[in-house]
Amino acid sequence: MKKSFISRRAFKTLALNLVVWIFALAWMLPFIGLVAVSIQPYREVVVKGWVRVPDLSSLTLNNYIEALRNPLYDLATGYRNSVIVAFLSSLILVVAAALTAYAFANLDFRLKALLFATILFIMMVPQQLTVVPLFLLYRNLGLYNTFQGVILLHSAWGIAWVTFFLRNYLRFIPRSLVEAARVDGASEITIFYKIILPLSIPALIASFIMQFTWVWNDLFYALVFLASRDKQVITQKVVMLKGEFHIDWGLLTAGSIISMSTPLILYVVFNRYFMRGVAAWGVKR
Amino acid sequence: MTSAFLKLDRVTRRFRNVIAVDKVSLDVGKGELLVLLGPSGCGKTTTLRIIAGLETPDEGRVYIDGVDVTDMEPGDRDVSMVFQDYALYPHMSVFDNIAFPLTVRRGKLRLSRRDIEERVLKVAKMLRIEELLDRKPPQLSGGQQQRVALARALVREPKVWLMDEPLSNLDALVRMQVRAELKRLQKDLGITTVYVTHDQIEALTLADRIAVMNKGRVLQVGSPKDVYENPEHVFVATFIGAPPMNILECKATKEILECPGFSKPLPPSTRGLQGKLYVGIRPEHIEIVSISKVTKEDVVEARVYVVEPLGSEYIVNAVSGGEIVKVRTSRELLLSPGDTVYLKIDWSRASVFDFESGRSLGKLLKALVS
Amino acid sequence: MIIARSFSHTPPWGALVHNLVWVALHVPIVTFLGLIIAYLLKYHVRGSTIIKAILFLGIVIPPAVGGLIIRFMFEADIGIVPILFSYVGVESLSKTWTLYPQTALLALILGSVWLWLGFSVTVFAAAMETIPRSHIEAAKVFGASTWQTFYRIVAPQLKPAITVVVVMTLLWDLKIFDIVYASTGGGPGGSTTVLALVMYNYFARALDYYRSAAVAVILTLVVIPFIVLIIRRERG
């Protein structure tokens, strides 16, 4: 027979659930507001606010269109540029990562620990430190304000952290697999393609996604190294949507959503990879 | 039976579409040690957790000392539990671990720090771990950790003491020592205890009564002697006893009981059972005889499959009619696989079980006559 | 709030102070809140995977956009914080927080708590996975309350994870740039300027590469002790 009253402990569980869920929903409010404001003309929002059920007839995508098309804002170009820079930086990185995986599987050099410490150090140092000399160097090399320059920079940065990142992922591939293949007579290339590569695929996918997201989200390097309008990436452009004295929030919210769409989609699809990477910080070896 | 100190009334618990605990009713007397025995997945641990309050039953009620505790929090039930992995907190000292049940309820129980210290020392002495009080659990051996877990469970002098396979992580030797001590401890303290295990030897040695469970149901509750000699279900018969009871698929007709490899004539005046049956005979109720001793009629001819020496005795696995029959003997016979042996069955000890349900139909000879 | 003139030729101590205030507020709040939420999610609440995934959004989006959203959150009439305060009747806090020196930095810091919470919750949740369930159940059976179980059993075993969260958040707060640049640009009146921003302004606005590099070095020096700490932990 089901109990007809709520026991004290069921009540406590219910209360805690309620508190946490309300918190989570409250946490989401800014995003909800973002969407709400982006699909209405701003002049309406100014008057009536967005904390209400919107008038369906006034819903519009104008803000988005404006953000993307208007040459003053030109988010479309920004989007394209971000895709180019992020994609190429990640591609280069994955190739480097694959080779690093090979090194891990085969080599066991004395300085490994020192190498890791150095890499970790490099990862943590502020981006600001190397930027001034790099800028001057790029200017001399003609790499300033070019995609190549930025891609190179992101790739180099990425190789450092991916080495560290892969170490956790690849620890579990036993050396004996490679050695057994060698004993059986497989060539190094075969070993690479047939054993190491397939086993590293989850790690490589994760690396690609993390790098892509990181490069896409970057603002500082873009500000320093990409100056002309046709080269600027989306993070730069969306920040420019904010006027000095007056802010058109319809435009800004739409622009924000456009610029976060890509990392968001990646996150929804590859959710596991994102969270696993961060969660690893919490677990002791 | 004494009036029940701990009572389960038709407790049921489902997980998705699986019935983990199926209308289980149990009465445990004050000071009694009841063992829940069964294979993994039989529902014994879930039942224990329901008593503890870590699970809530979908149906049924739980009573402790007359109080309906079914909806109460575990902490309010005045029970104690020893977990299979001991659940000792690695960052606290042994003393703090043992004191934990007291310190978290210090206000409610109105205990001073001195009181707590006293109780912890008392219990530590009982379990002979006084020198370990300053150490931390990771520094202790398995056996020591176990004692700490026991101490912690006793420090509050609970109404019911619950144990979830506490000995399974110990080495065989340590396990036997602790088993004996545990039994003594429980008797001395007189705390009502429910003990879960899949090891039937543990059950037989420790229990005042055993509740044999399978697939969420309690098949039989009885003293170790009862459960051993009068199993009420073929499952109980085979689960208890090592090596397990021999179960033979037989067919009874008016004149003859046909079993694998042999038949036994029945007295002409029997009405009795007909059709397919399970006949059960324990390995120690079969004797190996030399052919010259008895007439051929009373004896089953079988081929040796393998002999397992156990030090003071031997388990002879013999094949009769395609089925293996295990025989226990202390005589040192020089048998090899393939040899022919003659088995004399003590039919007065044989049990018979219903073929469909597995329920016991009593001792064979009686059942046939009734 | 201390006002630092970003084009003055004095060392950027005002900005550094802002970074330190940021650390002083952000780190404790994010750590405690993260611990409590991770604990509740693990042991008491259904649908924890979804909630964790939602909170994690804060780290997935570009920090620059994060800054814009923070600006949005504190904007008069359309930001949820001013709206809340206007309902409650506190007039002074229903204006745009980021336009006033007294509230601008606080707005950014609170916004960064909102943004960064997903990180601490995820790290703590992962660390809590390593605590056997029996520990919690034993505590329950022995009568510990929810809070006692959290405080005496779970939290002490999370010390390494807490260290990670504290140091990573601290580093992030000292290096912060995108959020400030996108939302306030350091204003109003320099009340939200931070070290990295000072460096950038020297570089891009004043074209003063020497001073820019100098600030970058200062920033690095401030950060180094904590980097060493993390490296030690990872190696040990």
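Here the chain labels run A, B and C in written order, and each chain numbers its own residues starting at 1.
What we mean here is this: a contact is a pair of C-beta atoms (placed from the backbone, for glycine too) under 8 Å apart; a residue touches a chain by one contact, two chains touch by 3 or more.
Bear in mind the structure is a predicted one, so any value in this text is a computation, not a measurement.
Undergrad: Compared with subunit C, which chain's mean CA position is the farthest off?
TA: B
Undergrad: Quick check: more C-beta contact pairs in B-C or A-B?
TA: When A-B is set beside B-C, the one with more contacts is B-C.
Undergrad: Between subunit A and subunit C, what's the gap in Å when you average each chain's C-alpha atoms?
TA: 18
Undergrad: How big is the gap, in whole Å, between where the Cα atoms of subunit A centre and where those of subunit B centre?
TA: Subunit A and subunit B have C-alpha centres separated by 57 Å.
Undergrad: What residues in subunit C touch two or more of the other chains?
TA: none
Undergrad: Multi-chain contacts only, two chains or more: what residues does subunit B have there?
TA: 73
Undergrad: Residues of subunit B touching subunit C in their complex?
TA: Going by the criterion above, the answer is residues 52-54, 73-76, 79-81, 83-87, 89-92, 100-101, 104-105, 108, 152, 156, 162.
Undergrad: Help me check something: in the complex, which residues belonging to subunit B touch subunit A?
TA: Residue list for subunit B touching subunit A: 59, 71-73.
Undergrad: Residues of subunit A touching subunit C in their complex?
TA: These residues of subunit A touch subunit C: 12-13, 16-17, 19-21, 23-24, 27-31, 33-34, 37, 45-46, 49-51, 113, 116-117, 120-121, 124-129, 131-133, 135-136, 213, 216-220, 223-224, 235, 238-239, 242, 247, 249, 252-253, 256, 259-260, 263-264, 267, 271, 274-275, 278-284.
Undergrad: Per the contact definition, I'd like the list of subunit C residues that touch subunit A in the complex.
TA: 37, 40-41, 44-47, 51-57, 59-65, 67-69, 71-73, 75, 77-80, 83, 114, 117, 119, 122-127, 129-130, 146, 160-161, 164, 168, 171, 174-175, 177-178, 181-182, 196, 199-200, 203-204, 209, 212-213, 215-217, 219-220, 223, 227, 230-231, 234-235
Undergrad: Contact residues on subunit C for subunit B in the complex?
TA: 132, 134-135, 137-145, 148, 152-153, 156-157
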